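Just so it is clear, A, B and C label the chains in written order, and each chain counts residues from 1 on its own.
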Amino acid sequence: MGYLLHRLLLVPAPLLIVITFVFVVLRLTGDPVAIYLGQDATPEQEALLRAELRLDDPLPMQFLSFLGDLLQGDFGTSIQHRAPAMQVVAERLPATLELVALGLTFALVLGVLGGIAAALWRDRLPDFLLTALAVTGQSMPSFWLGILLIQLFALELDWLPTSGREDWQSAILPTATLAAFLLPNFVLVTRAAVLETMREQFLATARARGVGPVRALFRHVLPNALNPVVSLVGLQLGRLMGGAVVTETVFAWPGVGRLMVAAIFQRDVPVVIAGVFIVALTIVLANLLVDLVQAAIDPRIRLR
Amino acid sequence: MRRRLFGPNVKVGLGLAVVAAMVACAVLAPWIAPHDPYAQDLMARLRPPVWADRGSWVHPLGTDNFGRDLLSRLIWGSRLSIMVGLTAMVLAVSIGTTLGLLAGYLGGRVEQLVMRFADAWQAIPEILLAIVVVAVFGGGVPVLILVLGFAGWEVYTRVTFNLTRSLRERPYVEAALAAGARSSYVMWRHLLPQMAPVLSVIATLQVGQLILQETALSFLGLGLPPPTATWGNVLAEGRERLWVAPWIANLAGCAIILLVLGINLLGNGLREMLDPKRAER
Amino acid sequence: MRRTAAAFAALLAFATPVAAQQRGQLVVGAAIFTDSISPAAGGYNTLSLVYQTWDPLVARDHEDNIVPALAERWETLSPTHWRFHLRRNVKWHDGSPFTAEDVKFTVEYVTNPRTIYVRKGRIAGIASVEVVDPMTVDIHTTSPAPLLLRGLADIAIEQKAITERLGPAEAARHPIGTGPWRYGEWISGDRYDLTANREYWGGAPRVERLRIRTIAEGSTRVASLLAGETHIIEEVPVDLIPSVRQRRNLTIDAVESSVSLVLTFDTRSPPFNDVRVRRAVDMAINKPLIHQQMLEGQGSVLDGQLVTRGTFGHNPNLRARPYDPEGARALLREAGYPAGFDTRINTLSGRYLSDVDIVNAAAGMMRAVGVRASVNVAEGAVWARMDRNKEQGPIYQVGWFSVGDADFNTVWYTEASRRNYWTNAEFDRLWLEARSTLDEDARRRAYHRMMEIMHEEVPSVFLFGLPRIYGRSNRVVAGWRPPRDSLLRLHQVELR
């Protein structure tokens, strides 16, 4: 519990810096009122809306009152959506979580399997092919991959829908695109970790005691090799969000990523900040989970 | 020992060859590009490459939607793409290493502050910050470098910190300190050189990632503004014409893959070479 | 067999007043999808969603003509006194009858100075509304208002009872209107699902369900059409037109919109305070070539004036200045720029069809005569602020839309807009005159003269009347016409 608290307490400092930065920069450049009302805006309308949004106060005052509301859990009202900012973000969150979770699972399972295969057939053809595939995947711009996937699976073969979020089929291509973004790292790290573990003394001992190769792999090699893979998950979450923005755009997936990009362009400060907050919270919680999982698979690690 | 199909030497050699060729292209762009990458010829739009029907040697890789020579744009584009990737990496390395060295060397409060900050920085979605900055300040070369550089510093902090801590315990460092050497001197002279191999591997791989991030920003309309020739722009502009002029996006994509592949081969090969444990295998 | 069936169906349709409704779903791929379905909020494109469930008093049709909607007919009792006779037996989606009280309520709520309503400027001239009887409404304007009807076409009539009970924001979340479609589900950033309103006064929609999906990425939007997931898509990227055309089961429907794409000069300071320099730039740009190459010949080259051919006020005697790079160089020499000069063009990206492509092509041509223009792509919010502060720089590209009447886009060149760089007293006076008389001939004469002034003075280079390019599946067999004003009118669409 103390550990948990410790981890959570670390987040506010950088988050505060980011929130301040986002708030100041977005408020100083561009004008949410002009964007919302468009070119037909009358001066009276502008004045009215500026007053409602408290845009006429000096910037420090605006920020302080925003922070005050924030402390009470109020992220403010979205200018564009005319609804509480947190509610706007929350409506879009499931789509992104679904995409990220599916992509991550997919990449993790295939990546670990691929990595093990590459390690077992080290320096032979499967290893070469898998490594080459992984490194090529690492080098591919993901929006291009997404469009190529649409072309192949939705247009040429007509197996899957091109875009949108409806049934499970519509999730396949976006998931694959996002997974392709992560998969290579998992293959390479798993391969390295498995190779490393196989060289350890305890394994030789176990084998000498007559433990079969399959049993050795699952009982001894994998638990040890998985650790770096799991910590990679934690490290990759931030990048994953970036990948999600692009993937959501290509596949018209109604997630937080696209929402945030639009909100930045519209200077919809409450939505941007609510979004940054939620994404940061998700990453922190996921990292926490990563730590717990690591402690569970490797008794040598103690939570401190 | 089994014969290796694809050892570190091969990887490094191949990677180096690819990267060197690309960098040579970038440096020699003014002399080897057949056309001005910005010269438009609206009557010669979307000409296919030489190997397709209707292709010609005038534009070996065809033309884009303004009738600009694609080969020339790719050659010139490699300049900016490589330059942005490299400079942003240097920036990230400088920030990250400095902080990591300080934290590892000084310990105590500084360590707590820096490392906890680095931990928590992980939770900030960097791409969104990048979008904020580029949206607000425009996508000029300096802005792009700053944004990409600032997004990737914390890896180096973590690595440098861990290495510094273990290196500090080494006898020669302690000896230097005992002999009255100044801390900055010790850091510069003794610690940094020890870390260079590890850092260079991470840095090499990062350049590839940064080049990909530039293309992602271009895709979102936040890269260097058109008509600037960068690979990201050529690819992003090409996607609107994928079914009509597939060669534009596909050739730009291949160029990106080739360079990043070369960089990744180089990085992975270097890692295997430099890590004595793995080198034995 | 099929022919007899079709003939039989036609006979049936003739025999029964309402054609049999089809099962199934019409799916539309939208390029722009606003964050709201509230009539009070969002940009112009919000109307495309709003009018699925709501109706205005008078409407525009797909060719920008004014047609009856909730008002069956109207007359002017005096130049400032309009009487609207409402359509009888119109029902709200909740079954309650539509009456004059709803009209009065909506107009008063929209014009209330305390209300934030994005398009309220459209009916700013209204002084008061009176209910004469449940089916008759009178509107008084402060001065003769020739634009009242066009303004009313952008105002959705909301139900008094519901809006009063829930408040406008809440009521708009779950629209109960009089429109052709009933609200089903709205998923922000994804889709809008609707079902046919069988009681619609304009005839029940031919298809049972409607889905409007947002697919912002152009190539994905086209892919969805090619894959048969959508039946109609908005804004086919120009370079993907051939890929739609070459499919036998798909069609491109293009129509000229009333959006005029122009390059506007900051005429307050050198070099563009000199009309010769502005003319030189106009002559340096080969508009027909750009039109042919960057717009596939869709839409039109503007006739040396702001408005498009279909717009009220278009002057048929004017022609675009011919492409003449030699003449342009001569004019530049005469104006004292023999060596040309450096300048900058501001533009948005993706706001107008092929905007960045067009401006880059134009800049290339300007460079050829010595006007070394660089292109700066500005971000929307920054753009809005520069626009308001009149800081767009020496040249900026913008599209002004008129939805059928010259008043709506000529305003941007008057002092009244507070956004103008160029100014001309005669022009301002004519603009005011034209918007305060109901005499159509007088209005037309005023606009013709205004177009002449602009043609001579070149406050902007008038480039193109932009097309709206729709992709359509051949399963859409009837009832669809590409709209000049981009609003989706779908209730008569039939699917095969």
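The rule is simple: a residue touches a chain if its C-beta (ideal position, glycine included) is under 8 Å from a C-beta of that chain, and two chains touch if they have at least 3 such contacts.
These figures come from a predicted structure and were not determined experimentally.
Peer 1: Central chain, going by Cα centroids?
Peer 2: Taking the mean of C-alpha atoms per chain, the most central one is A.
Peer 1: When I count C-beta pairs in contact, which pair ends up with more: A-B or B-C?
Peer 2: A-B
Peer 1: Would you mind pulling out the distance in Å between where the CA atoms of subunit A average out and where those of subunit C do?
Peer 2: Chain centroid spacing, subunit A to subunit C, equals 39 Å.
Peer 1: How many angstrom lie between the centres of subunit A and subunit B, each centre taken as the mean Cα position?
Peer 2: Comparing mean C-alpha positions, subunit B is 21 Å from subunit A.
Peer 1: Averaging over Cα atoms per chain, report the distance between subunit B and subunit C in Å.
Peer 2: Inter-chain centre distance comes to 44 Å.
Peer 1: Would you please write down the residue numbers of subunit C that are in contact with two or more other chains?
Peer 2: 219, 379, 381-382
Peer 1: Would you pick out the residues of subunit A that each touch at least 2 other chains?
Peer 2: 29-30, 147, 151, 249, 265
Peer 1: What are the residue numbers in subunit B that touch two or more other chains?
Peer 2: Residues 135-136, 239, 242-243 of subunit B touch two or more partner chains.
Peer 1: What does subunit A use to touch subunit C in their complex?
Peer 2: Going by the criterion above, the answer is residues 29-32, 34-42, 44-45, 48-49, 52, 78, 80-82, 88, 91-92, 95, 147, 150-151, 154-155, 158, 161-165, 249-252, 254-255, 258-259, 262, 265-267.
Peer 1: Considering the complex alone, what residue numbers of subunit B touch subunit A?
Peer 2: These residues of subunit B touch subunit A: 2-6, 116-117, 119-129, 131-133, 135-137, 208, 212-213, 215-216, 219-220, 232, 235-236, 239, 242-243, 249, 253, 256-261, 264-265, 268, 277-278, 281.
Peer 1: Which stretch or stretches of subunit C touch subunit A in the complex?
Peer 2: 35-36, 38, 41-44, 113-114, 116-122, 124, 169, 187-191, 213-217, 219-220, 223-224, 226-227, 229, 379-382, 384-385, 387-388, 412, 419
Peer 1: Report the residues of subunit A in contact with subunit B in the complex, numbered from low to high.
Peer 2: Result: residues 10-11, 13-15, 18, 21-22, 25-26, 29-30, 122-125, 127-128, 131, 135-136, 138-144, 147, 151, 188, 192, 195-196, 199, 234-235, 237-239, 241-242, 245-246, 249, 260-261, 264-265, 272, 275-276, 279-281, 283-284, 287 of subunit A touch subunit B.
Peer 1: List the residues on subunit B that touch subunit C in their complex, please.
Peer 2: Listed in rising order, the residues of subunit B that touch subunit C are 38, 40, 42-43, 45-46, 65-66, 135-136, 138, 221, 225-227, 239-245.
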